[in-house]
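In order of appearance the chains are A, B, C and D, and numbering begins at 1 in each one.
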Amino acid sequence: MDGIDSKKLLDKRISLKDAIAKFVFNGCSIAFSGMGGEQVVAPTYEIIRQGQKDLTLIGDSPCEPADFLIGTGQIKRMEVAWAAFAVAGVSQNYRNAVEKGIPHEIEVCEFSNYTMGLRFLAGSLGIPFMATKSLMGSSLEKYNDWIKVIDDPYKKKEGKIALVPAANPDVAIIHANQADKLGNTQFLGFSSNAENIARSAKRVIVTCEEIVSTNTIRKNSALTAIPQYVVDAVVELPYGSHPWNMPFTYAYDLPFHMEMIAQIETVDGFKKWIDKWAYGCKDHADYCEKVGWQRLHKLSSVEKQFYK
Amino acid sequence: MDGIDSKKLLDKRISLKDAIAKFVFNGCSIAFSGMGGEQVVAPTYEIIRQGQKDLTLIGDSPCEPADFLIGTGQIKRMEVAWAAFAVAGVSQNYRNAVEKGIPHEIEVCEFSNYTMGLRFLAGSLGIPFMATKSLMGSSLEKYNDWIKVIDDPYKKKEGKIALVPAANPDVAIIHANQADKLGNTQFLGFSSNAENIARSAKRVIVTCEEIVSTNTIRKNSALTAIPQYVVDAVVELPYGSHPWNMPFTYAYDLPFHMEMIAQIETVDGFKKWIDKWAYGCKDHADYCEKVGWQRLHKLSSVEKQFYK
Amino acid sequence: MSTDCKGAPSTNYTLQELLVAAAAREIKDNEVVFVGVGIPCLGAFVAKFTHAPNVVLVVESGCIGSMPYRLMLGIGDNACNENAIAATSLWRAFSDQQRGYFDLGMLGGAQVDKYGNLNSTAIFGKGDYKHPVTRLPGSGGANDIASSAKRTLLMMNQQKRRFLDKVDYITSPGYLDGPGAREKYGYTGNGPSVIISNMAIFRFDEMTKEAYLDSVHPGVTVDDVKKEVSWDLKVSPNVKVTPPPTEEEVEIIHILDEKKIYTGKGLKELTFESYIGMLEKSYTTLKSMFPA
Amino acid sequence: MSTDCKGAPSTNYTLQELLVAAAAREIKDNEVVFVGVGIPCLGAFVAKFTHAPNVVLVVESGCIGSMPYRLMLGIGDNACNENAIAATSLWRAFSDQQRGYFDLGMLGGAQVDKYGNLNSTAIFGKGDYKHPVTRLPGSGGANDIASSAKRTLLMMNQQKRRFLDKVDYITSPGYLDGPGAREKYGYTGNGPSVIISNMAIFRFDEMTKEAYLDSVHPGVTVDDVKKEVSWDLKVSPNVKVTPPPTEEEVEIIHILDEKKIYTGKGLKELTFESYIGMLEKSYTTLKSMFPA
């Protein structure tokens, strides 16, 4: 990292390409926000274009970031709770890697969604662990040394509690509805674990549907999930979650997703998909062009009817 | 507690008198929300009227709830970080109790604002403790057995971390801007520790400036700090924080507070104050009448200019 | 143990619709229910439109009290935000569950055992955890729901290789190895209360914590079920036939899942145009059904 | 170590105004500052209106980036919400501090020692912790700020009985018993950087961690200060005179604290009418000073 503290910049706007080049490096640990919706898709394509290797993916339930970066061979290790595409289907690349070592074996360290959330919460608090009543007695505890079951020091009689360690990824990428150039970041709906994923990371890239004025932020201060002092870079990235949904902004493109899943079921099909949508697009605008602006616009307009 | 689960009621509206009578009992532990502003004042007067005894006060920085209930002899034990009246002055009743045993000695178990916040957070998570980097090496740790300093189980080399135990008060009283009859509770500004104080408690009384429709709640779902399933009773209590401020609703009545502090500096003066404002008012409406509705209205109208 | 179904039984329903209705009937009014996607989620909405109007639905992404004008297509779908009472965080929703506020959670898996332990992580086959024959998605929130929801509803495909004496991997704890095991860990929740399969409904014996056959779906026999269970299945002395969905329930299912995304093969047949049409229609229809 | 003060020095200022300006100069632009109430808080706002327009002020009640059109009368005053960048919770604000995001915290106390440890809990006198001669309010957030803000500013009354070799009770850790002590506990913050008293400014020696005299306020001698310190005070070889506030700083202080609530005896003289008048006037004046 260079000498300037990027968290103190008064204008953090930067291109997606530059943000990924600056903060995502070979061998880094990386976390992505999103829970189904609000998925960090466009930055995943950019990481594929740039080809950073040996990544440790730390996440709750990553979809494209897990499946794609496993498929391209960029992931070495995953600390996650789940990897698939929800209603659209399973993660064939995850299956290939674990079942057959294709394209190569990956280390898997498993938690649950909540306890990954607690790992990010602990990271965001600057403390080494968090206690939980989950995990105990299950096979997650059995197969994962990072889950420690201890005697509750405050209980007079026997009492057990599980501990999970803080997560502190080298870099987090957060996709949000809006942010200002200082990095103050707002979600218009749920935020899944985003506010803690950001704070747990050393470096934070916020991508957002729209860059807004700081005055807009101040007018809705209850919506600010991530304050400026957490953030290193801000990228305006409309439709950055496509084909996933973005609350209050555009609907889920389920038909697109179904087409994608059908195609990436085979190793060859996945290669073709990545050739077309990652390498075949010079940037996210090019991706949008290829999806079709009219289609994207339709997803926005159908979404807006729900808030009439 | 009776057999009906009050958290499941579809209409939790009740008078302040009935709420205090139902949920605050002799010997109970009790927590109040507020941090300077949003102070739980009117319910404190009602507890004085009803006279519940041997209370354990669990809080961060309680003002009237600590000072008054110590002065009336209703508090047996306090687990707090601070007790005073901020810019308005010190807590003479707290001083009297600790320095001279007037009206009687109280047990004091001290934490800091953050670590009380963490105790409520742990309580709200249903876990027995929370780790922190505060407290270690200070006299708080030295004089408080509930603060445990342990070896960090995740650190290979030497590493210390402090633990604080969860707080789980028998009852919490939360004063908020608005709530619906189901108990969905919203703050229009900061919420200090309210969302966790509520969740940490067995029973929760929400008092609010205004009861609103559930539709109003749904329209601003980001503002909901406490969902209905946490709450047992809802009391509409306009000016419930007076003389303290309520964000977006009324300004701090600092002159009233200065007059109060001057009077309650002596044991006799405190008795007179309580005679007039607690015993001398049959309820909170009576208190408002005595303060003067015109004065209260002025505090509201001057506040509103700030949001023009 | 399930809610009585009032209203005329449907004479024209599918198995999927029966499953939705069966899930719906596990929900009591005013309960707080942690919903996932698919059939059980559909069941929760059917409950909300029939006998449980005050049910509070919570999803993992952090929305509480959602009341969407469309089918929820995921736990992070925009639908989750719609008319929600609170839009908050994943960690907070799960924390509220761990604190004990959630009455019912809904789970599925690839394997279940007689104690209601679920596996959604890996089918070992001739391999092991690190080299399984089939790698599944993993816990997601399932372990947490199984640990902390007051009770859980399990939805399963009825196959001998899925109803096992012992699952390969316990993703989501049921009663673990039997009576007293959950208590040892001090879980917030009490464990599974029902398994709904495509052939039958199972409940758990209070003493032995073992799943027993409580009802068979219309047209299925007790022996049919026993053939698809690996352990020596206990059968209720008064085993019932699962009541079919009512006409009202079927009608609501048709409205909610117009394109049969969860209750048929609709997902595979979806075009962009038919999908947008579905969203547009759903808004109009559902808005008129929910009270303002 | 403090910011240079540009602009013409005032020739007509009070001691309180000098203290406000001294506090203001400890703040650099773009820093995140955890503010309390009183003189240091006023200092933070003076900094914002002069050399540090991009400073982010955070208060304990949970407001980040407040930009109020009035004097902040407490850490939970409505003023804190005004124009805030984020309205959140106490525990979150402090967590962000513990995570290492806050550059400066501001503290006061009844006793300080040479290692910058502060006591705001109890003066033992002939008694002890449980039976002190004077019970003080307690830590509030002070222990947390002292542990975790990157550096802290301490504001004290200069009296021999308050500047001690050892405080009765360490509410807020400074350098504890000297070099290496903070490191042992792995605090997030680096400890106190300055003590501003009504007579002088002290800084801390990087090697010994002991407070030394860095500057005396105009009209005060080094000996005057030494008389009001209990330990053998080290004095900087080039001890300075604290620069007076500039005319601009004094003017801003007059606007912000028009009724001299923090910088005079205004608190005791306040009437309801004069107080409301103060709020009304402040709104108009400050709104015009802050850029929209």
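Note that in this section a residue touches a chain if its C-beta (ideal position, glycine included) is under 8 Å from a C-beta of that chain, and two chains touch if they have at least 3 such contacts.
On a predicted model such as this, the values are computed, not experimentally measured, just so you know.
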{"item": "Neighbouring chains common to chain A and chain D, by label", "value": "B"}
{"item": "Pair joined by the larger number of C-beta contacts - B-C, A-C", "value": "A-C"}
{"item": "Between chain B and chain A, distance of the C-alpha-averaged centres to the nearest whole Å", "value": "38"}
{"item": "Distance between chain centroids, defined by C-alpha means - chain A, chain C (Å)", "value": "27"}
{"item": "Chain C and chain D, separation of their C-alpha mean positions in angstrom", "value": "57"}
{"item": "Residue list for chain D, restricted to those that touch at least two other chains", "value": "63, 81, 84, 87-88, 95, 98, 148, 188"}
{"item": "Chain B residues counted as touching two or more neighbouring chains", "value": "125-127, 132-133, 159, 161, 188-189, 221-222"}
{"item": "Chains grouped in pairs wherever the two touch, ordered by label", "value": "A-B, A-C, A-D, B-C, B-D"}
{"item": "Residue ranges of chain C touching chain A (in the complex, touch as defined)", "value": "37-38, 59-63, 68-70, 73-78, 80-82, 84, 87-91, 94-95, 97-98, 121-122, 129-144, 146-148, 169-173, 176, 181-182, 184-188, 261, 267-268, 270-272, 275-276, 279-280, 283"}
{"item": "Chain A contact footprint on chain B (complex, rising order)", "value": "122, 125-133, 148, 150, 152-155, 159, 161, 163, 165-166, 188-189, 221-223"}
{"item": "List of chain D residues in touch with chain A within their complex", "value": "30, 32, 54, 56, 63-65, 67, 81, 83-88, 95-96, 98-101, 148, 188, 292"}
{"item": "Chain A - residues contacting chain D, complex", "value": "7-8, 10, 124-127, 184, 199, 214-215, 217-218, 221-222, 224, 227-230"}
{"item": "Touching residues on chain A, where the partner in the complex is chain C", "value": "34-39, 60-61, 80-84, 86-87, 90-91, 94-95, 98-99, 110-115, 117-118, 120-121, 132-140, 143, 159-161, 187-196, 244-248, 251-256, 258, 295, 298, 302-303, 305-306"}
